[in-house]
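A quick write-up on the structure given underneath.
Each chain gets a letter, A, B, C, D, E and F, in the order it is written, and its residues are counted from 1.
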Amino acid sequence: MTHLTDLPLWAAIPVCILLLAGSAVTLVGSIGLIRLKTFYGRLHAPTLGSSAGTVLICLASMITFAVLQNRWIFHEVLIIVFIVLTTPVTLMLLGQAALYRDRIEDSEVVPRKAAGETPSPSEADI
Amino acid sequence: MLLLLVLAPFVGSIAALCIPAHKGTVSAWLAGSIALFCLATAAGLYPVIASGKALRYSVEWLPELGLNFTLRLDGFAWMFAILIAAIGLLVVVYARYYMSASDPVPRFFSLFLAFMGAMLGLVLSGNLILLAFFWELTSIISFLLIGYWHQNAAARDGARMALTVTGTGGLCMFIGLILIGHIVGSYDLDVVLASGNVIREHPLYTTVLVLILLGALTKSAQFPFHFWLPQAMAAPTPVSAYLHSATLVKAGIFLLTRLWPVLAGTDQWFWIVGLAGLSTLLLGAYFAIFQQDMKGLLAYSTISHLGLITALLSLGSPLAAVAAIFHTMNHATFKASLFMAAGIIDHETGTRDMRRLSGLFRFMPFTATLAMVAAAAMAGVPLLNGFLSKEMFFAEAIETHKYNLLDTVTPYVATLASIFSVTYSLRFIHSVFFGPPPHDLPKAPHEPPHWMRAPIEFLVLACLVVGVIPALTVGPFLHTAVQSVLGEATPVYSLAVWHGWNVPLLMSLIALAGGTALFLMMKSYLATSIEGPPLFRRLEGQRIFERVLVTLSWKWARSIEMRAGTRRLQQQMRILVALSIAAGTIVLFSHGFNPAKILFRSIDPAFALIWLVGMACAVGAAYQAKFHRLASLVLLGGAGLVTCLTFVWLSAPDLAVTQLLVEIVTTVLILLGLRWLPKRIENQDDPAMMTISVRLRRLRDLAMAVFAGLGMMLISYTVMRREIPETISSYFLERAYGEGGGTNVVNVILVDFRGFDTLGEIGVLCIVALTVFALLLRFRPATESLEAPEQQRFQNAFDDDHPDRKKGDSITEYLLVPSVIMRWMFPVIGMLAAFLFFRGHDLPGGGFAAGIAMSIAFILQYMAGGTRWVEERLRIHPLRWMAIGLTVATATGLGAWVFGYPFLTSHSQYISLPVIGKIPLATAILFDLGVFALVLGATVLILIALAHQSVRAPRAQARAAKTAAKEAG
Amino acid sequence: MRYWFPYPLLSVSLLLFWLLINQSLSPGHILLGVLLGIAFAWAMVNLQPQKTRMSHYGTAARLVAHVAVDVFASNIAVIGVILRGRAKPGFVAIDIGLRDENALAFLACIVTATPGTAWVEFDRQTSVLLIHVLDLDDAHVLAELIKSRYETPLKEIFE
Amino acid sequence: MNWFDHLIILPILVPLVTAACLIPVDARNQMLKGVIGFCSTVLVFVIGIALMQAAATPDEGQSGAMVYLLGNWPAPFGITLVLDRLSALMLVLTSLLALATQVFSMARWHRAGYHFHSLFQFMLAGLNGAFLTGDLFNLFVFFEMMLAASYGLLLHGSGPLRVKAGVHYVAINLAASSLFLIGVSLIYGATGTLNMADLALRISTMGPESRMLMETGAALLGIAFLVKAGMWPLGFWLPATYSAATPPVAAIFAILTKVGIYIILRLSLLLFGPDAGTSMGFGQPLLLYGGLLTIGFGTVGVLASQAMGRLAGYCVLVSSGTLMAAIGLGNGAIIGGALYYLVSSTLTICAFFLLIELVERARDAGADVLAVTMEAYGDLDENEEEREEGEAVPGTMAVLGLCFCICALLLSGLPPLSGFLAKFAMLHGLFNPGDLGGQEPVSGAEWTYVGLLILSGLSAMIALNRVGIRTFWTSIEGTIPRVFLIEITPVLVLLSACLFLSFQAGPAMRYMDATAKALADPQNYIGRVTTAPRAGSQGGQ
Amino acid sequence: MNELLVIWSILASQILLGLAMACALFRVIRGPRAQDRILGLDALYINAMLLLLTFGIRTANSIYFEAALIIALLGFVSSIAFAKFLMRGEVIE
Amino acid sequence: MELVLSAGIGVLTASGVWLLFRPRTYQVIIGLSLLSYAVNLFIFGMGRLRVDAPPVLEPGGTGGLLTHADPIPQALVLTAIVIGFAMTALFLVILLASRGFTGTDHVDGRE
């Protein structure tokens, strides 16, 4: 069994920095979820966690295990890849759903159906 | 022989059932020969018991409990057996002519024979429990006999009442008899009869007495349980003649007499039995006078005579007992003949109403003469048998037995009742046979066929012969009977017509004179009066009984059922939770529960933070579940996520993985269901609506919920803070690798140590999937959920409104990019499932997790492409997967048999292959494969079945619309 | 060959995935990975995803590098926006020439993974992409940037 | 191990495998499914008889409990199956009921929905597993299997009534299952074992705090079982559920409440017997008073019910309450009689549920519920035209009437059938805890029990009388129902089983008494389980 | 020294992530609209995944990795189910 | 840890039980789910809490309760999770059917 406390200082420092930075970025993203006023604004907030946050923390993990267990297979990459591939799907679908719902309610802040097309009166009803 | 005596009627009964309905005569012959056989057998046994010994026959039935099929024939039983068989034979002859061809006659004789058998069994029982057995049997069969003409409402009611009253009494008596067994230590009649003192001195004596008397008094229709008997007159007359003369009602007398040596002689006995007997005697006679129905009159007279016998038995003197036994015989003869006579009149004239009948002497002189003699016997006219026993009764009545009021009034009551009895006998004869000729009778009266009258002739002859020369005819038989009951206490008595001028004779004369006078006074009143006696007309026992029964068993029962029970789920849940809380609290505090000291120092702040989030999720989910279902579901997901994190934190990676996967599937599942539920309930809690009671109810619910939560918290904290006891897990931890062949102990437990649990668990999953599938095939959505969701309607309308768009463009466009990614995810998730599967035995994962992961891959495709799109491309056979999975898992377990090991014994081995190296092979993997297949199949089936509703419902709707259009057009 | 290996790139990726996730390069795992990779590729045939032939791996590498840099930069920018609490959000419509759906998927991933921009809607008839931008200075500049920096290389790779 | 040793597990495996094999068979071959299922049940029945004989054969001077170590792991570590007289009895009873109801269902009801026979076999597996297992958590698993199948069977045929009843039934039972889990895990947390025999051993030497927690667990567990057994006030779901189920399902449900009773009996005598130290007799007052209240409520319900289905449901409650109170009296002598009563009343109720449907067909001609459900919401139901199996029986009403009479006699405990003997046996045991003639005083609770026993019989008599008269004696205009041989035969078979029990009361009662004795002295059971040898010399590896 | 550093910084980062979860939860509870809640849940999932990664680092045990991987790979499934439910009123058509 | 977890169990139980008393079927199903989390955690807690001691052995090694968490409650929870999932699915479908037949989502099938 290995323990984190066996980590040499030269590795510990970058690991700590990466960890703190990653979680801080994630926290800021989540704060954005609170602070940003509109839904479309908030749509951007989780991406901080899913991009920088994930990458930084995964890096920390890679370093830790590489050093501690002398293991050079970085399966954390998988997490990065999957997060990058799957988060957009959620956000895209959510964004479209929000857009649709706002259009139904005839909200002023959202554009009509994609540019080049003027909203028809019937569309305003829906 | 005894066995034959009891069994023959039952055999005959079954045989009669097999006779076709129209062959009434055959069944009559059958019944007659059985009755004759019984009579002959019983008669043939007389020499054996004449010496005073009892004949016994015993077969083991329930020997451990002291219940044997013991038959015992002594003089008293013999006397009854002869009565039962002889009168039975006569009634059969009579019934042969009485019953009409349109009735199912074989059924009548079948029941009749069964009743005879039960009655014989009752009197021959040598075991108390057997006695109770036949006792209830007589009640039940009499119910069927009384209700024989069940098209008639009176017959139904009468039958029901008879059964209810006598059955209830019988059940009480049953307890009493068991108690006697408890006191005496045996149910054997011989033993019981020898233990009179033990019983009378036992603290339970009064209880026993009351219980047994309840049985006996109800059966023999003693006041205040007499009311069923007149109602039972709705039965066919042969039934009445049999039941109310020699058999059913005499069963109570039989029991009282039988147990007389062990129960009688105490104050309790005297008071209860005496009071019942005397009041029945008097009231029965009084009521009889005012009956307009011939059978009603006879019924009340029966009640009265039974009261007489009971009163005799109450006195506790041996001579009285002799009188009782003697009167039992006599009453049977004259009452049977009177009933038959009444039946003939009813049969020939079509009515039994004495107001309509009159002057029948002209039309049927022979029958009239017979009836007159029998009625005279009933009235106690000298030279007939009724006179003899009544004389004995008077003699006993004037004796002093106990110094109390009841004993003092006995002679007066006896005389008065006798006056009444003369009155009603006179009335019976006079109003039916004398007076002007009858007019507008339903039928023209004439003499019945000779053989129908023959039984009456025989019985009346018996009355006469016994009345004139008692000592020579019934003397010895009576003596045998008396001796078998009283044993050494048998008194000296003489059976003679003439005992000289004495007080009893005086009383008889007073009765005759007074009765005649009374009749003459009331003659005109009776000829026109309405049914029922004055003063007591309102007090109709059966009506009170009916009302009580309805109130008790219907109104009260319902209101209790409503009050003590509930059909509402919420109440039931509250009760369940409240009881659980109570159970836990009581147990804990009976042990002096002391919550473990709360320790703050080992709290991990991050973990605490996570749980703050978790608790907020839980409370939020609970709060939102009413108003915002989607939000509640989201929050539920949050709580689940926190649960997962907890599992990871606290060293349970397997649980975390499984919980996560299940979480995802559950969310999709509930969302699929949410489609068919009402969307959102607007907050209706406007303050005006919130009455105080609603608030209080909520407060109570909240208090209970908080209490339950607090309880769980305290208990779990207490357990978790304790040292772990010596547990069976050490065994698993030590042997998981060495003997189970895997390093992931949890997985080894699941597939090996406790693989049987897993087999059961996947079975449950399989069952649920099948149930869901079956239920959804019959699913009918609520009407407002039937049409497509409003979003789709809007989007489809939008597509329709725009010429450049096709229907369905919106959804295609919406999913254009996401579906690409979702599709490519399919093999990736599949690989993940394979990964989870293969590593399960050594690291977190396993067949279950793999199965769920794989099913998520499929569901994702359904979400991306829709049901039809996927099913055009992928053939998934969830049912087959399930069947294969369960079979594989079981077969793996069975494989161990071949090697002589029990089910599910696993085998693991490492196999070396060139290039690849050592690979582990464990049969447990095969088992896990079964788990995988089943979980995959079941999960997919559940989700897909639910998803299919979106396709099915519109299709069904369209079909319905088409059908409607076709019908319209 | 095509019949046996319908999606070679997919099979290779799956093998890679298998080895990474198992943290092993043992022959047994390679064999298993290959088998599974091929098996799932066959399964994919039924789902009929659009087949695309990828080429220009150099361009792909460059694109990855660009994206990494952009993501990093926009992370910082968005952190700033959130902490400052001031932003000028807005929608931008961009004409996109990409037809290949896999390429579109990549573009979507890039745009969304980059903090500050979010893919909201794509009209297939008009090929107009609507994105939401957290802090919008100039819509045209952004549109051009996306077209040149992401769309063009993707077109090169996939079409 | 020889082949006979494996016989114990077959009552679980045979139905399980049969169920699995029936799943993919096309729903159109329902008859084939039925026949296969029937064969499986027959097999289980035969095995049950063999096991019963084995359990009853004295072995080294003691009545033998056979132990089966699953996976060849020794007790208390692995899961053990234990066969003793009691479990063998329950196995035979279950399969007898199953045979009857299955045949009955094949006339028409199995076509009312889908996967009837699979669910039925699953239920058998679950029931048999619950009877055989010697492990608390495994008991939970089989309980759930049985319950899950019962949910499926209750909903078989769908329809508003069944679904409405289903919501309540499932919700209550899910909550109860949570309690079950809490109880089992608490017991594990306090004692460190799941094996019942091992638990019994540990209880005698347990520290006070562990004992407290263990008893709390047992109390919660008890509540869960009492829900299943239908104790007042936990059993309100029962009449509604039973009367809503399709007849064959309601009939097989007759055994479900008995599972709760079985477990209560098993655990209370095993764990809280004379060796349990201060835990001796734990929970008995609750059982006694709860049982008495249940009889009372059942009695009232029987009187208040108009529909026969509900009436029968309340009869189930009465029977259940009678047994609970009998156990709660803590009088060993009553247990033998109670077991006899259990068998008799279960058979009767099962027959009664089957009979009800046949009888009610006569009452309103349009009661062909099946046809109604079929056409109302069919989708895949095109193949469901009325196909009738077997031939109509002549003299239908007479046969039905006779059967009804017999049922009424049995339910109200009147002679000449086993209902009467059962009541007698219980009362005998109640008054004579020792030998007959011992002069033990009778307590107030015991008197109440006697009174309620009589009252319940009385109310059954009155209510059945009322219903019977209404059905058979007043409905002249009612049509004569079409009843098929394979529908009436099961009823007759069940009733003849009661008849058999009455004639063979002696041997039957000896078996029950021996069972009761073995239960009262669990040392033999515990010893058998804890010393059960593993197969092979070095274990199964 | 480095023990302290590592332990404290991990703890700090876990607390930060825990706070991030709390923020996401705030959005879930607060809404105001369904899409906000779902977005919050998605963020909750990502934060939880990162927390799991830090937990793996803290225990220097890669056994917890799978849980994180599953969130990364499958966590989006429930989110898109929600999103699709919002958009189309049903999850699978 | 114990305190936090037991408080969590308590809150989950209370929320779940509160929902069991509510009249809407949907509330009941959410309540049962919350309750099942609580029960699962409760079962899990019965094996006591251990951090970083998963019951996964070194290849070839043996373990004990000193070095590893108790695996039995974990196995029990796994079974409970599966059964809980199945029951949730079943109950959901039943309540859908109930609503279909009765037109209301009240637990008693009528308002």
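Keep in mind that, in the parts below, a contact is a pair of C-beta atoms (placed from the backbone, for glycine too) under 8 Å apart; a residue touches a chain by one contact, two chains touch by 3 or more.
Note that the structure is a prediction, hence the values are computed from the model and not measured.
Enquirer: Can you name the chains that touch subunit A as well as subunit B?
Expert: Intersection of subunit A and subunit B contact lists gives C, E.
Enquirer: What's the fewest number of moves from subunit D to subunit E, given that each move must go to a chain touching the current one?
Expert: Minimal hop count between subunit D and subunit E: 2.
Enquirer: Measuring centre to centre with C-alpha atoms, which chain is farthest from subunit C?
Expert: Farthest from subunit C by mean C-alpha position: B.
Enquirer: Higher C-beta contact count, B-D or B-E?
Expert: B-D
Enquirer: Subunit E to subunit F: how many Å between their CA centres?
Expert: 21
Enquirer: From the mean C-alpha coordinate of subunit B to that of subunit C, what's the distance rounded to whole Å?
Expert: The mean C-alpha positions of subunit B and subunit C differ by 73 Å.
Enquirer: Between subunit C and subunit F, what's the gap in Å when you average each chain's C-alpha atoms?
Expert: One centre to the other, that is 39 Å.
Enquirer: Subunit C to subunit D: how many Å between their CA centres?
Expert: The separation of the two C-alpha centroids amounts to 62 Å.
Enquirer: Indicate the residues of subunit D shared as contacts by at least two other chains.
Expert: Answer for subunit D, listing residues that touch two or more other chains: 137, 141, 144, 148, 151, 155, 158-159, 163, 167-168, 171, 175, 182, 186, 188-189, 194.
Enquirer: Which parts of subunit E, given as residue numbers and ranges, touch two or more other chains?
Expert: Residues 14, 17, 19, 21, 38, 40, 59, 61-63, 69, 73, 75, 80, 84, 86-87 of subunit E touch two or more partner chains.
Enquirer: Counting only residues that touch at least two other chains, what does the list for subunit B look like?
Expert: Residue numbers touching two or more other chains: 567, 569, 573, 577, 633, 649, 653, 712, 719, 722, 724, 727-729, 732, 754, 757, 761, 764, 767-768, 771, 775, 778-780, 791, 795, 814, 817-818, 821-822, 825, 828, 832, 843-844.
Enquirer: Once the touch criterion is applied, which pairs of chains come out as touching?
Expert: Inter-chain contacts occur between A-B, A-C, A-E, B-C, B-D, B-E, B-F, D-F, E-F.
Enquirer: Which of the residues in subunit F come into contact with subunit E in the complex?
Expert: 51-52, 54, 56
Enquirer: Given the complex with subunit D, which residues does subunit B contribute to the contact?
Expert: Contacts found on subunit B: 60-67, 129, 132-134, 136-137, 139-140, 143, 147, 150-151, 156, 160, 163-164, 167-168, 171-172, 174-175, 178-179, 181-186, 204, 549, 552-554, 557-558, 560-561, 564-567, 569, 571-573, 575-577, 579-580, 583-584, 586-588, 591-593, 712, 715, 718-719, 722, 724-729, 731-732, 739, 752-757, 759-761, 763-764, 766-768, 770-771, 773-775, 777-780, 877, 879-880, 882-883, 886-887, 890, 893-894, 896-897, 900-908, 952, 955-956.
Enquirer: Taking the touch rule as given, give the residues of subunit F at its contact with subunit D in the complex, in rising order.
Expert: Interface residues on the subunit F side: 20, 25, 28, 32, 35-36, 39, 42-43, 45-47, 72-73, 76, 79-80, 83, 86-87, 90-91, 94-95, 97-98, 100-102, 107-109.
Enquirer: What does subunit C use to touch subunit B in their complex?
Expert: 10, 14, 17-18, 21-22, 26-28, 31-32, 36-37, 40-41, 43-44, 46-50, 101-102, 104-105, 108-109, 119, 121-125
Enquirer: Per the contact definition, I'd like the list of subunit D residues that touch subunit F in the complex.
Expert: 137, 141, 144, 148, 151, 155, 158-160, 163-164, 166-168, 170-171, 174-175, 177-178, 181-182, 184-186, 188-189, 194
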